[in-house]
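Same chain, two partners: chain A is paired with chain B first, then with chain C.
After this line comes the complex of A and B, so read on.
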């Protein structure tokens, strides 16, 4: 009885410790990401005038309009950290259409809230009636993302460049890597082991160290500052990765399955496409995922090898530089950069999980 | 021999001529094979591991390039044809059924490639599935099935194409002992029903003996003997076959021959026997004095002392139910004897033995060939 109790207590202790550790690790990974995401939704005002930051970003903003004397108006915003109304915008407001227009824009740009000129006029009317007027506005959550793409010119184009580069990288590295992986898995030939090692060898060079030759060679090929050139460089790295993944996948698919297909009516090529290929799809999907993530996220080579046609991570990277960095906009850029890789992974997760479960034969 | 001559000799379905395979210019898989397989025949390749059974079968299937020789199927030279044009089908040792297709798709695969009509495919699939008793499993995925069921799928897939030649490479070796015996019977029944000319590879001699019309015994990439189960058992071509076929295998005694008038006397340090009749003539014609006497375990009899050839002490007794295997030592060699189960024999007991004289085998001591 006591023994049992002690054992249970011991188990509870152990599980508790494990949970604490696991959640600690999860916090370390998740919290910065969450923080970044939260930042990407903040308005200018939240970013620079409120401290400490709230854990969750606001979805609506409270404003208050009242008189500033001599019949003019003034606007305040509810500051969460101060727990008080703070002045927002020009000290004096009149009904001048120009100023109203300016205020509307100000609300949009600094508070991430939409408030049209007519609505401002209505608010002024109501203020005249009651002496003050309080209202809540829904915060636009995609405002910063839009701003990022507007502010950092070429960001939208760079997304296309990035997608193009990633697509080319996937195509080149999965097809060549897959073919080489198949050869490594199925055939015995001279120098196979040396070749296997040399496949890894190309990954050993730090990109910065070989930057100059790369620029020169790509320049000579007429591929400098072009997605094709960049995807070629990425493929060098990725092909070796894909060879190793696909070779082990193909080794796991018994050759007799192909032989059976040949006996029952296909050619050698037909056997590959009807039997081996469908069974290797999870592995190929994993390769595609790795290639996409690598190409999409890569910065160093992209900085070196592009000039007027940067990829998206280069734009994000450049937005980090300089004194005028706007943290919340960069956060938006960073999240925008992280999103496609996550979406792509979710898209092919079925295959990835299959691969982790092993090819069932 | 005579029976074969009397049989009407039709054109053989399969002819292997001087067939050989050398891997990587080094290892011989098959050294030399000459074989004719008759229509509707069930031929079994039997031999120890590594003797080239699989290699030979893969050459017939077209999965291995031949080093030399030719393969003729129904009068057509198929030596260099790709597997799909050979009109053969095969059951693989590890089944090799495609895990990403249902059982139905597996069986229908070849038929679809042959552009058969949908209704015909459906009919054939159902027919062969019923034949191997998997009609309940057609929509299943192979991964969720037992070894025995997968085996049946592989069989159904091979039967569906109605081939000229049906190859099976140790199809039963991955099954448990009991299921193996069941499948053996079923395979034989299927063969009798379809009449498909078949080559079956095994290294299990009881499988070979029970299923084969003819057994091809191989050793080191060469054929040692081709014959009916009775041929290889009662008229083993050499010491290898005699020592390979039968459980327990043939016992060998080195003997010296002396002519004694009409008869010949074979003397061993522990016994001497007189051989008469045609056996004696053959031995005399052979002319060699040192030879090997082969006696099958069931042809050594326990007899009263006065009739005995020699007396020995029992070392080990292995009861097998309907009979018992008794091991004794004669001149440093273990000799096994099969005795009926009536009367339990104890280790240490003295047994008086003699041989069934008309069933003795004689082998050349140097060439090991049958005399």
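After this line comes the complex of A and C, so read on.
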């Protein structure tokens, strides 16, 4: 009995330690992403006038309107860092329709809040009644995302370019890599080890140095500044990864299944397509998503090999290095770019160990 | 003897199949890898392009070796690679052991743990760029939870040369540990638990079992993870440029990009080519030494067997 108890206590201790470690690691992983996300929701005002930033992003903003003397109005905003009302917008406001229009636009652009001209007039009326008027406005959470795509013109088109490129990369690298991966998994042949090492070797030459001659080569083939050309470069790296991954996937499917199918009269090819392939599909899909992520994320080759048709990462990269970089807009661009990768990771998770299980130099 | 010919026929067919399957890869690499590589290597030895009357020269290489920043880059890269690969390996190994325990929620934790590796480099750059700035979220966070005083903001980016390097190593580790962890974890899951159990039964403690049984059995996996990491670590640059900008913490790849893509003159361009050839030689040299030292080349017969 006591022995059992002691074992239980030991187990509890161990599990507690594990959970403490896990939550620590989880926090280290989540925090930076969370803060980037939280930046992507901030208005200009929050970005530039509030510090230290609140731990949680705000979903609404508090405003207060009162008289500035001689019958005019002024607007204040609640600043969470100062814990006080701070002046917001012009010092004096009157009922001039032009100024009201300006203020409405200011609230939208600078505070990420919607407040129409009529609403401003109503607010002024209420201020006249009570001496002041406080109101909370819902913050628009997609405002920065919209602005990113508006400010960096071509960002929307670059998303399409990126998708084309990723599609082509998947097609080329999974088909070519998959064939070789199958050969690696099922056959013993001369030169297998050398080929395996050379697959590693192609990763050793800096991709930038390959991209430069490729500008000329692709130019001659009429594929410069086109998604196809870019996907040809991406496939260099990705094929080598996919050979390993698909080899690992095919190794996980017993060859005896194919042999059994052959006993029942199918050809080797038939056995492959009817038995192995259906079993490999989920793993191969994960492999395709992995290729997507690589292609979707790649920057430097895309910088060199595109001119008028940049991919999405290039747009984000240039916005980051640009002279008037605006943190919250870049955060929005980055989150927009990271989203598909994260979603695909959710799918890949189930197969990721299968993908890498048989990978060996 | 029709039977034998049929068997022979099938044999040759069987032997041909793998070659047919790998033919596309070989052709692909000859056209899209070997050809540009020859171009780049050739170009690094030319004074200008051939059709403009370029002649063989070593000037590009001389320019590289004469450049003090190049030597600085070599030293920085070496330090970063050594520290980061070691650190990442131990952390990744620990993380893999942790997930391998299979606690409640370990599957979700696995998902969480692999997110950083799928994040775009640019997003990671933006994340840390906005985090490490003096008025970034990291200082803001530390103040909010009361760890530091608003007047004592930490100047993350203004530190010494070495502290900048450590910063890069940590940020890089944040993103790439998952990749190493995945490979190690996959290897661990392929092991038979009976082996470790046997070790326990014969009186080994956890640590001994780990060192004497698990690690040796994971040797191949460890070599794979390490070699992929080493190759990638030598080519680190983007995160450095996004956090510090060019030339603040020179590393080899960054110098290549700087010469090839940022300066617009041909001499720099050719210098960049020479630099990339040097880096390629370095990477393959280091990889070869690593593979040799770790015994990846030994006894190919037994390796063929375990596949």
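The working rule: the second predicted complex is superposed on the first by the 315 of 361 C-alpha atoms of A that agree within 3 Å, B and C clash if a C-alpha of one lies under 4 Å from a C-alpha of the other, contacts with A are read in each partner's own complex, and residues count from 1 in each chain.
Assume contacts are C-beta pairs under 8 Å (C-beta built on N, C-alpha and C of every residue); 3 or more make two chains touch, one makes a residue touch a chain.
In this text the structure is predicted, and so the values were computed from the model without any measurement.
Q: Which partner does A:8 reach: the first (chain B), the second (chain C), both, or neither?
A: Touch status of A:8: no partner.
Q: Of chain B and chain C, which one touches more residues of chain A?
A: Counting residues of chain A touched by each partner, the higher count goes to C.
Q: For A:204, decide between first (touching chain B), second (touching chain C), both and neither.
A: In the superposition, A:204 touches chain C alone.
Q: Once the structures are superposed on A, label A:264 by its partner contacts, choosing first (chain B), second (chain C), both or neither.
A: Only chain B; A:264 stays clear of chain C.
Q: Touch test for A:278: chain B only (first), chain C only (second), both, or neither?
A: first
Q: Mind working out whether A:353 is in touch with chain B, chain C, both or neither, as first, second, both or neither?
A: The answer is second: A:353 touches chain C but not chain B.
Q: Which of the two partners, first being chain B and second being chain C, lies in contact with A:335: first, second, both, or neither?
A: A:335 sits against chain C, while chain B stays out of touch.
Q: Check the residue A:254 against both partner chains and state whether it touches chain B (first), chain C (second), both, or neither.
A: Only chain B; A:254 stays clear of chain C.
Q: Just which bits of chain A does chain B share with chain C as contact spots?
A: Shared contact residues on chain A: 359-361.
Q: Taking the complex as given, what residues does chain A use to touch chain B?
A: Going by the criterion above, the answer is residues 254, 256-257, 259-268, 275, 278-279, 359-361.
Q: Residue numbers of chain B touching chain A in their complex, please.
A: 61-63, 82-84, 88-90, 92, 94, 96-100, 109-110, 113-114, 143, 157, 161
Q: What does chain C use to touch chain A in their complex?
A: For this pair, the touching residues of chain C are 15, 17-19, 21-22, 24-26, 28-29, 32-33, 35-37, 39-40, 43, 95, 98, 101, 103, 105, 107, 109-116, 118-123, 125-131, 135, 137, 139-141, 143-145, 150, 174, 182-183, 185-187, 189-190, 220-221, 223-224, 227-228, 231-232, 235, 238, 241-242, 253, 256-257, 260-261, 269, 272-273, 276-277, 279-280, 283-284, 287, 291, 296, 300, 303-304, 307.
Q: Contact residues on chain A for chain C in the complex?
A: Of all residues in chain A, those touching chain C are 15, 18-19, 21-22, 25-26, 28-33, 35-36, 38-39, 51-55, 175-177, 179-180, 182-183, 185-189, 192-193, 195, 198-206, 208-210, 212-214, 216-217, 232-233, 235-236, 239, 243, 248, 251, 293, 296-297, 299-300, 303-304, 313, 316-317, 320-321, 327, 330-331, 333-335, 337-338, 341-342, 344-346, 348-349, 352-361.
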